[in-house]
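Presented sequentially are two complexes of chain A, the first with chain B as partner and the second with chain C.
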Partner chain A sequence: MTPPGKKRGLVRPYVITDGRAHPTRNTLDLVTLVIAAGGETGGLSPEKRRVMELCRGGSLSVAEVAGHLRIPVSVTKVLLSDLVDSGHIVTRSPIPSAELPEPQILQEVLDGLRARL
Partner chain B sequence: MGSVLASDGVYLPDTVQTAVKLLVVGHFAVGKTTFVGTLSEIRPLRTEETMTQAGALTDDLAGVPDKTTTTVAMDFGRLTLNDHLVLYLFGAPGQRRFTQLWRDMTYGALGALVLADTRRLEHSFDVMGLLEEHGLPYAVAVNHFDGAPVFAEEELREALDLLPETPLVTCDARDRRSSTQALISLVQYLYSRNRQERA
Partner chain C sequence: MTRHIPEAVFWCLLAGALAVVILLIRERQISARLRRTVATLEASVRSRDEEIRHLATVRLPALMESGPHQPAGAPGLLHGHLAGSEYAISLKTVSDLFSRSAQAAQARADQSAKAALKASMRTLQGLANEQQLSISEMQDRHDNADVLQDLLAIDHTNSQFGRRAQAIAVLCGSWPGRQRSASSLVDVVRGATSRIRDYRRVQVHAQVDIAIVSRAVEPVVLTVAELLDNAARHSQPNTTVQVNIQPAHNGTAIVIDDAGVGLIEQEIRRATELLSGAGQTVDITRLGDPPQFGFAAIGVLAARYGFSVSVDTRSPYGGVRAVVFLPSALLTRAHDEGPDSVRARPPARHAAPPRPSGPVATEHVAPDDASRTPSADPTPVYASTAGGLPKRRRRQPTAEHTPPAERSAPETPQGRSAQDAAAIIGAFARGTRSGRASSSDHEGNPHT
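Right after this comes the complex of A and B.
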């Protein structure tokens, strides 16, 4: 039972994802950047339409999509990877974890932080 | 909702191509959320994940199987560093039982800043152990709390059992400059490690 006053979705997460716990692709990370690519949204589920509405405004990370829509990250990944599959969303890949980050990236992070002092 | 999201600064500039992340970790009430909030250019966001834990004894009236759920929250913020690079800061709890969350968080992370409190230094061991298991380099920042004991650096290093190369700084999570400085110490360390490993 949902306690009164708690603003939650009306359905449980697995309903939103058609019972699936895992996304169709494993390339989505918390900081993968996503943006709407267009396409007809009429046939999409209400949750996917909400994702599309949000992502139409510009680039956001997967974590931000989850945070703005108040959907768990795991569910957000399932929705987003479906939308990537259907051509509604395009991604920009994050840095893969197995490799050391490029020194140039770390240098840029350092410069960016120093500029804020 | 649309009007809120349409306001300035919600979305990244179109030119941003690369996103990197750093973790801000530590025990309960050590100041993670404050730290992320101080530095973030957007209102910090929170995601919640429901974790199911099997096996706990519960007396559920509906007679549902003996499972309990815990909600684990993760606060995060954003700093656009230049026209093509954005840094995300994820503040997350140090509990060992959230394995999947830790895997997700550490994947692709550059490193972590461990926030510590001199009133309960021993509470930081768990999270440092977790970072070591995940192979994520870290620096330690002692968050200053009014009235908390102040120790000499050597004492702190010994109490936290830090490697000689692990940076140890003090910061005030409420202060932007001080928090930025703590992140700079971490990234400087990551940079010099990276150079050594590539050499």
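Right after this comes the complex of A and C.
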């Protein structure tokens, strides 16, 4: 494993974002899912191309993209909002917790199994 | 008889006069010779006086001025006729001794200046690196655009500050510091861009997957940073600095073009001399005021790591074209280092063994991580982080439409029979029941 820090720190975040710290949109948070929408990646910066490669396989959360790219989340947001603006990716809010199975149902399943054994 | 006496006296007088005349003539001759000798000696003494004055007032100061490296231009003897004499040889010994001691003093001064600069620059470099680490941590920790904006500014200044210290330290014989893993050429150029003031004017045009070997990353970054800094500094703020990467037969060239004022003939000669690293011992006291460390530091690095740098061509935009030529020995293929590239990480490596789950497969995985419960945890499928924590794999687009199915799937893999599942659940139930029974019996006290 490459120790973090050996690789990091070569290309500084201000070069990645071209000096910007404010994302063009404020709709992204840690768990927002991003999905590649296609488009030409030729003219993109290496980091944006990496994002596109990562997102091509499915949806990823903002936090995960940041983790894979090994850049701070706030820097990732700047990149992602650029990509949303240019139409390369689309965002989707996370699955609402209401759709997840309720603890009560799980409890009932457990009780049912117990009753049978 | 008396007639003979005057005659005798006459002859005596004649002989006496003759002797006197002869003596006088000899005396004259001797005195003339002596006068000539005295005159010669006087002239000789005068010329030696002049010669030694010439040595003290002209030759030695000239020697002192010109420095130890070019004694050829120093003035010679004032009086040519003294050449080869004992005196001239002694004078030469004096001037040789003088220049040698001047040389030694210069070398000592250079040495101590270098040692002092090196030590202080190493300290500054260390501090800059430390600060960069804290800045990176802060950037990770604060998810706030305003804070980030400030941190970016600090980070930028810190990087430039680190580069300055680094260049001076390298010039004074230090190593470039920071060990890095092999990095792609594009990252190296952008890393160099990170360290200059006008980083936004630099445009990198490259789509190559060539990487630089680990030991050469930092030197090349520093070299390119110095060249970029020169390029940006000596061109109008509204122009751009273009960076191209040209693969060649036995290496790769990084070409940096600016649209600045360019270099004049003399500057090119001086730069070429410095960049060749031929001077070997760069005299840090003669780098001008303010000192120009950049080219000299590049020369040292190029000689040490075996790449070459030239600035003697004009760029198509009228400024300077700087070319860094990296021989194949310093290059490798990008993504060779594996662990860091995301594509090398994914399930492909770990997925195969645990997939056909069931007792045999799980036992096979178990020694990997004893604390893991293979039957209930899908993590063996995935790679793990540096800290040993399992990494979550991205969801497949199809899976996310049916979240409940995906969640339950790993809990009951198809390989496990109904009996196995029942046995496990049963054991769990029995365990909890017995636990509850024992604790309620003794009101929470341990079983005695």
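As a working rule, the second predicted complex is superposed on the first by the 87 of 117 C-alpha atoms of A that agree within 3 Å, B and C clash if a C-alpha of one lies under 4 Å from a C-alpha of the other, contacts with A are read in each partner's own complex, and residues count from 1 in each chain.
Operating definition for what follows: a residue touches a chain if its C-beta (ideal position, glycine included) is under 8 Å from a C-beta of that chain, and two chains touch if they have at least 3 such contacts.
Everything quoted here is computed from the prediction, not taken from an experiment.
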Contacts of A:22 with chain B and chain C, given as first, second, both or neither: second
Partner chain(s) touched by A:114 [first = chain B, second = chain C, both, neither]: both
First, second, both or neither for A:43, with chain B first and chain C second: neither
First, second, both or neither for A:59, with chain B first and chain C second: both
Overlap of chain C and chain B interfaces on chain A (superposed complexes): 13, 30, 53-54, 57-60, 64, 68, 72-74, 95, 100-101, 113-114, 117
Of all residues in chain A, those that touch chain B in their complex: 13, 29-33, 53-54, 57-61, 63-64, 66-68, 70, 72-74, 92, 94-97, 100-101, 103, 105-117
Chain B - residues contacting chain A, complex: 1-2, 5-6, 10-12, 14, 16-21, 42, 45-50, 74, 76, 78-79, 81-82, 85-88, 90, 104-110, 176-177, 180-181, 183-184, 187-188, 190-191, 194-195, 197-198
Residues of chain A defined as touching chain C within the complex: 1-15, 17-19, 21-23, 30, 35, 46, 50, 53-54, 57-60, 64, 68, 72-75, 77, 95, 99-101, 113-114, 117
Contacting residues of chain C [partner chain A, same complex]: 132-133, 136, 139-140, 142-149, 151-152, 155-156, 159, 179-181, 183-184, 186-188, 190-191, 193-194, 199-200, 217, 221, 337, 339-340, 342-343, 386, 392, 394-397, 400, 403-404, 407, 422, 425-426, 429
